[in-house]
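Listed after this line are the structures, all set down as structure tokens.
In the two complexes that follow, chain A is the common piece, with chain B as its partner first and chain C second.
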Partner chain A sequence: MNRTLGGAARAACAVMALSAAGAFAQQRSAVEEIERYRQALGDGNPAELWEARGEGIWKKAAGPKNASLEKCDLGLGPGVVKGAYAQLPRYFADVDKVMDLETRLVHCRVTLQGISPEEAKKSPFGGPGRKTDNDALVAFITAESRGIAMAVPMSHPKEVEAFEVGKKIFFHRGGPYDFACSTCHAVDNVRIRLQDLPNLTKQADAQKAYTAWPAYRVSQGEVRTFQWRLEDCFRQQRFPHLDFTSDASIALTMFLARNANGAPFNAPSIKR
Partner chain B sequence: MADPMKIRATMAGDKVEVKVLMSHEMETGQRKDSKGAAIPAHFIQNVTATHNGKVVLSAEWGPAVSKNPFLSFKFAGGKPGDKVSITWTDNKGEKRTDEATVS
Partner chain C sequence: MKTKLIALSATALLAAGCATTPSDDEYYTKAVALMKAGFKDRGQAKVDRIDQDSLQKLCSSYGSNPVPPDVAERLQKEQLATIKYPADGKYLGDWKSGEKIAQSGRGGQYNDDPKQPSGANCYACHQLAKEEVSYGTIGPSLYHFAKLRGYGPDIQKYAWNKVYNSHAFAACSSMPRFGYRGILTEQQIKDVVALLMDPNSPVNK
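== the complex of A and B ==
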């Protein structure tokens, strides 16, 4: 009797081991399938529609001062768009502050076009039936850095400070889930459902992740910017709301962007 | 006014390969908003492609096509410098036509 049970248990164990291996193989092939799906979509990335719209907004006179954004200095001199995003965030002497792209765009709209800061920061992200200038401008400007190697500067003390603050936020545990960015993004081979999560403490992963934002989200039908990405990460962690263009958001962007240095920028991309 | 389409028309061997991105909500009519009211259907119904004025593709679309649709097709008989024009009409009667030159 005992012997029979033992045999059955052993057999059951063997079956379990087999199915675990099968499930793992299935996971990997699903990840590969998603990769193939992305490649298939890449050819017709609707982000190009945002890029075209953004270029129009960049050149169009608007606001109380009836000026375009063409004189906006994104770090490489007034009006230089090509390659600018690959060197952001950075220190801007005119405001004595480190700024990322979206913060700088708010600054330019306020200073050049005379729009109020509240207006320039109001609902920056698109939703169903609502397109935003921020999304389009970011798509246009980032596309102008495609293929250019990331070279985020760290020569000014404020740039170093932003990087260090960003690093602290990345590892800071808090909120009702006692979560940190690093809970998911400082470990290898973890997933949310079928999405691989990059280990952002490793250079290769950090480069691959950062250089793929902004992205057209197929499931949302919108181009999502890096400020949106961070805001949504905070929401997923049940952290307090991350304010658009806040110092915390710039610092975290600085930390992540700097870690991607050296890799060619490759966005707007397309994601599930 | 709908946003412009993005059209690329290039020679692929002896055929012209056309790739079109259209900006459209493509609302199915099946979804509900946050208040529970149905969101009215709004989608592209007809797509026509012409090559130097002659129709080379005519399609009837429905609500199953994705938001911001991508269309790719090839046709014979074109050469660099030719004009390819795409027109869509949606169920609300809205219309958009854009043109590209074969390269």
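== the complex of A and C ==
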């Protein structure tokens, strides 16, 4: 474990140097670029640093109730982390609603640790010099589904409803540019500038896209979660800010995750 | 009352026109309610951007399916009628300024300053000048646009119309309605039209 972490730290430095030197390389295909980073990294991904930190947070007693998150039920029973993310979002009987990973984590921090919902939801995404518990926990938990086939359930009526509502949100054109997710992500083999756009309505593309998040973004030196990716796409769509853990966000995530069913989960990954 | 009637008949039209099942309507209503609750104003991007005009609503309802020809025809006619023409009757501005507008992706996002002029980011979706290799492919290549179609007033007018309101010729296009939605000013539209139409523009070299 220690050895891997050392490797990841070294790799992080190598990546920083590369990304600074490689500003001119914009026009090279992104895929080719990432291959170069991968080679520089060897087997390490700097995301391992987030995973390790997340594991620490998961196990550490915290909050007014001085409890860890180890009894948190992510859908496969209290404390079961292995494979849990590959089956999220899902219906949780204890709250009678569909939750995605982030929403469930907030729920566990509130119920197990006694933290207020506002506190548990506050600034989920890290930035320069600011690391968040959410990024680390998501990195840790998602890593525990690596190699496991996506199997988002749709047996409960509320799961079906979340999926169908999520689909509506995906196709909802609005704002000054008339954009929806579907404007950029419902056609095969197109790109914006040089960035390839997955057709998220087709299984193969949806699988590839969904199973690759969270990702260590080389250009940002941060682990970015899937929810962060959605936020950044909403910005480009000229939409307002969508609260993560909102039912709209959960429904959209349900639609995208379910479309990825069958593919082995493969993140945290590394992206440009 | 009047608006209510219009809203009602729009729903009826949707139900009749595209075989929307009642539950599909329910999902739509639920989706809108959840979006209104989940989105928060940020910068210039307010929650009212979730509210759809009739075109946005109709186009969204088809999902990935094509728009039926009769609906498309009606929609295009309506959108054509929204187009305003330059006061001085001249379609062409300065292609150099047009190139800058075509390059800039700013405008409308919550992190953009609404006091600054918007760009149009034509390159995000189209090839234009050959020198710019970083172009998207959501729309067709516009390289040699006027060289291939001609430099005459008809094509100038078509280019104006297309930039002003793309749906006038292609119902439910993915291209923003730059004029109709006030994204670009009249002068800016002239400038991008010049980028497409000026014989000296790199687009036609």
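We take it that the second predicted complex is superposed on the first by the 230 of 272 C-alpha atoms of A that agree within 3 Å, B and C clash if a C-alpha of one lies under 4 Å from a C-alpha of the other, contacts with A are read in each partner's own complex, and residues count from 1 in each chain.
Just so it is clear, a residue touches a chain if its C-beta (ideal position, glycine included) is under 8 Å from a C-beta of that chain, and two chains touch if they have at least 3 such contacts.
None of the values given here were measured: they were computed from a predicted structure.
J.: Of the partners chain B and chain C, which touch A:Lys168 in the superposed model: first, second, both, neither?
T.: second
J.: Pick one for A:Arg238: touches chain B only (first), chain C only (second), both, or neither.
T.: Only chain C; A:Arg238 stays clear of chain B.
J.: Just checking: does A:Lys122 make contact with chain B only, chain C only, both, or neither of them? Give me first, second, both or neither.
T.: Touch status of A:Lys122: no partner.
J.: More residues of chain A are touched by which partner: chain B or chain C?
T.: Result: the larger residue contact count on chain A belongs to C.
J.: Between chain B (first) and chain C (second), which does A:Leu194 come into contact with in this model arrangement: first, second, both, or neither?
T.: second
J.: Report for A:Leu49: first if it touches chain B alone, second if chain C alone, otherwise both or neither.
T.: After superposing on A, A:Leu49 lies in contact with chain B but is clear of chain C.
J.: Taking the superposition on A as described, I'd like to know which of chain B and chain C A:Lys59 touches: first, second, both or neither.
T.: A:Lys59: touches no partner chain.
J.: If you stack the two complexes on chain A, which partner ends up touching A:Arg130: first (chain B), second (chain C), both, or neither?
T.: Neither: A:Arg130 stays clear of chain B and chain C.
J.: Kindly classify A:Lys71 by the partners it touches after superposition: chain B alone (first), chain C alone (second), both, or neither?
T.: Neither: A:Lys71 stays clear of chain B and chain C.
J.: Can you name the residues of chain A that touch chain B in the complex?
T.: That would be residues 43-46, 48-49, 52-53, 128-129, 218, 221 of chain A.
J.: Under the definition above, what is the set of chain B residues touching chain A in their complex?
T.: Those in contact with chain A are residues 3-4, 6, 19, 21, 23, 25, 39, 66-68, 70, 72.
J.: Name, in rising order, each residue of chain A that touches chain C in their complex.
T.: On the chain A side, the touching residues are 26-27, 161, 164-165, 167-169, 171-180, 182-184, 186-187, 189-194, 197, 201, 235-236, 238-243, 246-249, 251.
J.: How about chain C: which of its residues touch chain A in the complex?
T.: It is residues 23, 27-28, 30-32, 34-35, 37-42, 45-47, 49-52, 55-56, 59-60, 63-64, 108-111, 123-125, 133-138, 174, 176-177, 181-183 of chain C that touch chain A.
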